[in-house]
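Have a look at the structure below before the remarks.
When the chains are written out, they are named A, B, C and D in that same order, and each has its own residue count from 1.
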Amino acid sequence: MSKHSLTVNIAGLELKNPVMTASGTFGYGEEYADFLDLNRLGAVVVKGLSRQPKEGNPVPRIVETPAGMLNAIGLQNIGVKRFIAEKMPFLRGFDTRVICNFFGDSVGEYVEVAGMLSATDGVHALEMNVSCPNKQAGWCVFGTDPKVLGEVVSSVRKVCTVPLIVKLSPNVTSISQMARVAEDAGADAVSLINTITGMAVDIKTRRPVLANRIGGLSGPAIKPVAVRMVWEVFNAVKIPIIGMGGIFTAEDALEFLIAGARGVAVGTANFVNPSATVDIIDGLHRFLDAENINDINDLIGSLHRS
Amino acid sequence: MSRHFAASVVEHHDVNAGFRLLTLSPDTPALPPEPGQFYMLQANTTFDPLLKRPFSFFSAADNTISFLYRIRGKGTRALAALDTGAKLSVIGPLGNAYPLPEGDYIAVAGGIGIASLYSLLGAVPGRALLFWGARNRNELLMPERIEPLVKTVVMTTDDGSVGEQALVSVPVKRFLADHAHLPVYACGSTPMMKAVADVCAEAGARCFVSLETYMACGVGACLGCVVKIRTQEHPQGTFRSVCKDGPVFDASAVIWEGAGE
Amino acid sequence: MSKHSLTVNIAGLELKNPVMTASGTFGYGEEYADFLDLNRLGAVVVKGLSRQPKEGNPVPRIVETPAGMLNAIGLQNIGVKRFIAEKMPFLRGFDTRVICNFFGDSVGEYVEVAGMLSATDGVHALEMNVSCPNKQAGWCVFGTDPKVLGEVVSSVRKVCTVPLIVKLSPNVTSISQMARVAEDAGADAVSLINTITGMAVDIKTRRPVLANRIGGLSGPAIKPVAVRMVWEVFNAVKIPIIGMGGIFTAEDALEFLIAGARGVAVGTANFVNPSATVDIIDGLHRFLDAENINDINDLIGSLHRS
Amino acid sequence: MSRHFAASVVEHHDVNAGFRLLTLSPDTPALPPEPGQFYMLQANTTFDPLLKRPFSFFSAADNTISFLYRIRGKGTRALAALDTGAKLSVIGPLGNAYPLPEGDYIAVAGGIGIASLYSLLGAVPGRALLFWGARNRNELLMPERIEPLVKTVVMTTDDGSVGEQALVSVPVKRFLADHAHLPVYACGSTPMMKAVADVCAEAGARCFVSLETYMACGVGACLGCVVKIRTQEHPQGTFRSVCKDGPVFDASAVIWEGAGE
C-alpha cells in the first residue's frame, strides 16, 4: 500500500490524496470527527459561509428520490465570523487541507467574505459557490450567466490570497463555456457539479414536498451527468478540476479521475456511510496496487479518446 | 468504539399487524444508548432506498439493541424483510436523551411513540403515569411488557376500541389539573405532541417532547432535519438539528411550524 | 371506475386518457402489442423517424446507472417511407392516437419529414425531436440554441397539418425560455424532458462504456429534474405540456399532472414492466375514485403555490 | 397467456461456487419455451438495479422453468439472494430458437454458455458431439446431467484442470477437419464464439451462435442490444436486435465488431 503515491497538486496546493468532502455534506468537519480520522483526508471542504449567519429555508428541507435526494437547506450557516472564531481552531488541529466554501448575494459580499477567509490562518483554499440567487440581478443565479460569473470571479480573484476554486452549476446549456469564463476570470481550479435543480410533488396535498418548492438533486442518480460534465470541462480548460456528484465508492471516484478530475469530493455518500471518504481512499490504494500504477496522476484524464 | 458499525439480526418478529420488533447484535463493540437516543438503520446495500432511516432504540441489553417499528414506506419494508443472520449498517447511538425524572412523571405515548418512551419507562421503572394513545387496539403494542414498568396507565384510541375515544391529550389535560408539578415526557406524531405541549403550557407543567423530522445524516451535518427552537439569543426562534440538538426538546422552546399537518 | 373522465385535449387532439408512450421506448407499437391492449393508451408515440433509414451508433449503446440508464442508440430507424408503408397499416388498426416523433439534420429535412408524416392517414400529431446534432451549425444541437429552435419550429409549423408538439431538451440553462421560443414559433404543445446527457467510464479499460462516449440519461433518476422543468414551463407558456422522465407508476404520473402536464409519457418503465402504461391508467382511475375527483382536468396544474 | 408474468421460486441452490440453479413456477399459465430462447428476470422491486437481466432457460417442465446462472454483478447478486417462495417479475420466452439439427451435430459450450445449449441437448438427445470449454473445473457445471444427453464430450480448460489446456475452438478445429458436414451450435463468450465461427468458416461448416449483448427491453423496442448482421440487402451489415432477431444467428452473417474485447 505504500509503494505508490496518491498525492495531487491542485493549483499549487498539495493534497495527500485527491479525496475531499463536498461542501454542505460534512458540516464544519467536527460533525464527522468521531467517525473517521480527518487527518486521512486530502481536504475538508466546509459548509458554505456567508458574511452574516443565515437561517436557511423552512422545513421540509430534504426528501429522498430514486438513488438520490433533493435538498433545499437554503445555505444555513453560522456566518464567517463565528466560523473563524469557533470552528477554525478545531480544523487547524488536523494535518489536512481546509477549503472554505462561501457565497454572497452580491459581488460585494463575495469579495468581502473571500477577503476575510483568505486572510485566515489555516484556510488553504476557497471554493466559491455561484449557484445561489443574485440579489442584484433579481432571479438570475451567479452561476448561470457567463457575464455575471466572469465579473464575480474576477472581483473575488483580486482579494483572494489562496487558490480560488469556482464551483460550477450544472444547470446550464454549456458547462465548458462556464468553466472557460471562470478560467479567464482568474479561477485557479473549478469544481463540479453542484446539485441539479429538481422538484418532488406530494400528490395527496398537491404541494411541493419541499417548503422551498425546488431543491438540488444529489447522489448516485446524478453521477452520469457529473462524469460527462467533468470530461467536457477537462477538454475545455487547463486549470485543474475537482469532480463530484454521486461518488459513493472508489470505483465512482476512479470514473471521475479517469475522466479528468484531479480531485474528487464526496457528498451525499457521507450521510449513508460516514466513512465513505476513507473507504474510497483505501479503495484507490487497492486499485493502484492491482493495476500496477505508481502515481495516481498517471490515471488522471487518462480516458481513451477512441 | 465507533458509532458506525455493522450488525447482525438476532431476532425479528411481528408484534401486531404492520409492526415488528428487530433485535440486532453489533459485530463490533458498540456504545450503550441512553433513553431517547436513536440509530440510523439501513437494510439494503443498493441505492434505492438511498438514505438510512432513524429509529429510537426500544431496548438494549449487553450485546443487543432492539427496535420496535411500524412498516411505512420502502425503507421500513426493506427492514421488515430481513431474516435472522442478515447484516445491516448502523449509525448510533445518536442525539440527546430524556433528562431522567427524579420522581414520578407523566409519560405520553402516541402510537409508535411508545418505542422511544419504553427505554425511559425501563430506566425509571414504577414511577411513570402513562397516557397511551393510538388509532386502535392494534397500535397499542406489547402492553404485557409496558404495564409492569409503569405506576398507572390510561389508554385512548381514535376508534374507541380500547379506553376513552379521544386524543391522548384530553385525559392528560384533565390529569394535569391536579398534577402540574410532574414533568411530562411525550413522543408521538407531531400534532399529538403539539397538543400535549399546549395542555402542559396551559397547566404550567414542564414538558419534554421527542420530535420526528425527515433525516439524511443523523449527525448534524446536512441541516435537513431542523426545527425552530426559541433560545435566549433568538427569542423568535432559530433552527436546531433534531438529530443532534434533539430529538428531545423542552416543549416550551419549540415553535410548531406546520405542525397541524 | 366509470364515473369519472380521464379524457384530455392536447392542442385540439382528444385523448381517451393522458397516458402515452415515450418515443424510442416502445418501438413502432407492434413490439409491445403482445403485452398490452394498445387500444387502452391515450396515444402511441413511435420511435424517431428521419427521411432516410438510419443505422444508429455502434455498440455498446446502453448501460444501466443508479435508478437510470444511459442510451446512445443514435436514432436508428427505418426511415419515414418504410414506416408509412410497413408500420402505419398496423397502427391504424387501433383506437388510439398515433403521434410520430421525427427529426432531421437540417431544417430542410425536418420540413420534408414533417410534410410527409402529417399528410399520412392515421397520423394524429407530430412530435419534433430537437435534441439531435445540427449538421448545418456544426456541433450545436437544434434544441439548445433559442434562435435555431425558433427557426426550425416555424419552418415545420408551415407544413405541418396536424398538431405539432416540440420535444424539449433538458440540457439548457432555461427550459422555460426554450418553451416560450417554441410557443412563439407556433408549437401547439411541448413535451419534456428528453434525456439528460451523461457518461459512464469503464475503469478497467479506461474507455467510455458507450461506443458513442456520451448518452442520454433516462429513468427514475431524472424524475425530480423532469417534474421541476414541467412546473417551470407550466408557469411560462399557455400551450399544453406532455411530461415525461422516470414515470414508472401512477403516483409518478400524478406528480407530473399536478405540476402542469396535460399528458404523460412512459419511457424506460416499459422495458422493466411492459404493462407500465396500462398499470398507470388503472392507477389514475383508482386515485380519482379515492380522491373523489370527477375529471382529471381538475388535477392538471393544481399544484398549490404556497 | 402473457409473456409477462409473476413467478415464484420453487427451488434455488448452488451448483458450483458462484453458480446457481433457479427454478421458477409461473403464477399464471405461461408459454413453453423453445431451445435457445431466453427470459428477462428481475428479483428486486426497487429501482436499483433498474433493468431486468436476460437469461437463457436451462430447462422447462410442465409448470416450471429453470435457469443456470453465474453471479456476476448486482442483478445476479439480487437474484442469488432469493429464497424459496420469493416472487419475481418475468418476461419471456423471448427471441428465436436454435434451428433443430436433423442428425448428429456439434455443440460448443463456453463456460455458462452451457445454460443455453442444455435445452438443445435435451431436445435432440444423444446426437451431440459436445466440445465444452471453461476457465477451470469449477465452471464445468453439472456434468452428471449433461453427459447422458450427448454422444461424446471433449473438455478443455484454461488452467488444464480438466481436459486439454486450450481454447475450446482448438479441438473443434481439429475435429472439423473430418466433420465439416455437421452443423455447429455455439454459445459462450463473444471471443470464444468468434473463434468457433472462424474455424467453422475455414472448414466450411454451418455454424449457429447464440449471442450475448447488454439488453434493456428484450423485445426489440429499445434497439440497445444490436449486432451487425450481413443480409442480402445489406452486404456490409446492418443492425439487428439480438433480443428479437436473435439471440441465435448464422455465424457467417455476424460481423464481429469489437469482439476481441
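For the reader, a short list of remarks on this structure follows.
The working rule: a contact is a pair of C-beta atoms (placed from the backbone, for glycine too) under 8 Å apart; a residue touches a chain by one contact, two chains touch by 3 or more.
In this text, all values refer to a predicted model and were calculated from it rather than measured experimentally.
Common neighbours of subunit A and subunit B under the contact definition above: C, D. Mean C-alpha positions place subunit A and subunit C at a centre distance of 34 Å. Centre-to-centre separation of subunit B and subunit D, using mean CA positions: 53 Å.
Subunit A and subunit D have Cα centroids separated by 46 Å.
Residue positions of subunit C touching 2 or more other chains, listed in rising order: 66-68, 205, 219-221. Residues of subunit D in contact with at least two other chains: 47-49.
The touch graph of these protein chains is complete, with an edge between every pair of chains. For subunit C in complex with subunit B, the touching residues are 66-67, 220.
Every residue of subunit C that touches subunit D in the complex is listed here, in rising order: 24-27, 31-32, 34-35, 47, 55-56, 58-64, 66-69, 71, 73, 76, 205, 211, 219-221, 248, 268, 270-275. Subunit D meets subunit A in the complex at residues 47-48.
If you check the complex, the residues on subunit D that touch subunit B are 44, 46-49, 74, 78, 83.
Residues 2-4, 42, 47-52, 89, 91, 213-227, 238-239, 244, 257-258, 261 of subunit D are the ones touching subunit C in the complex.
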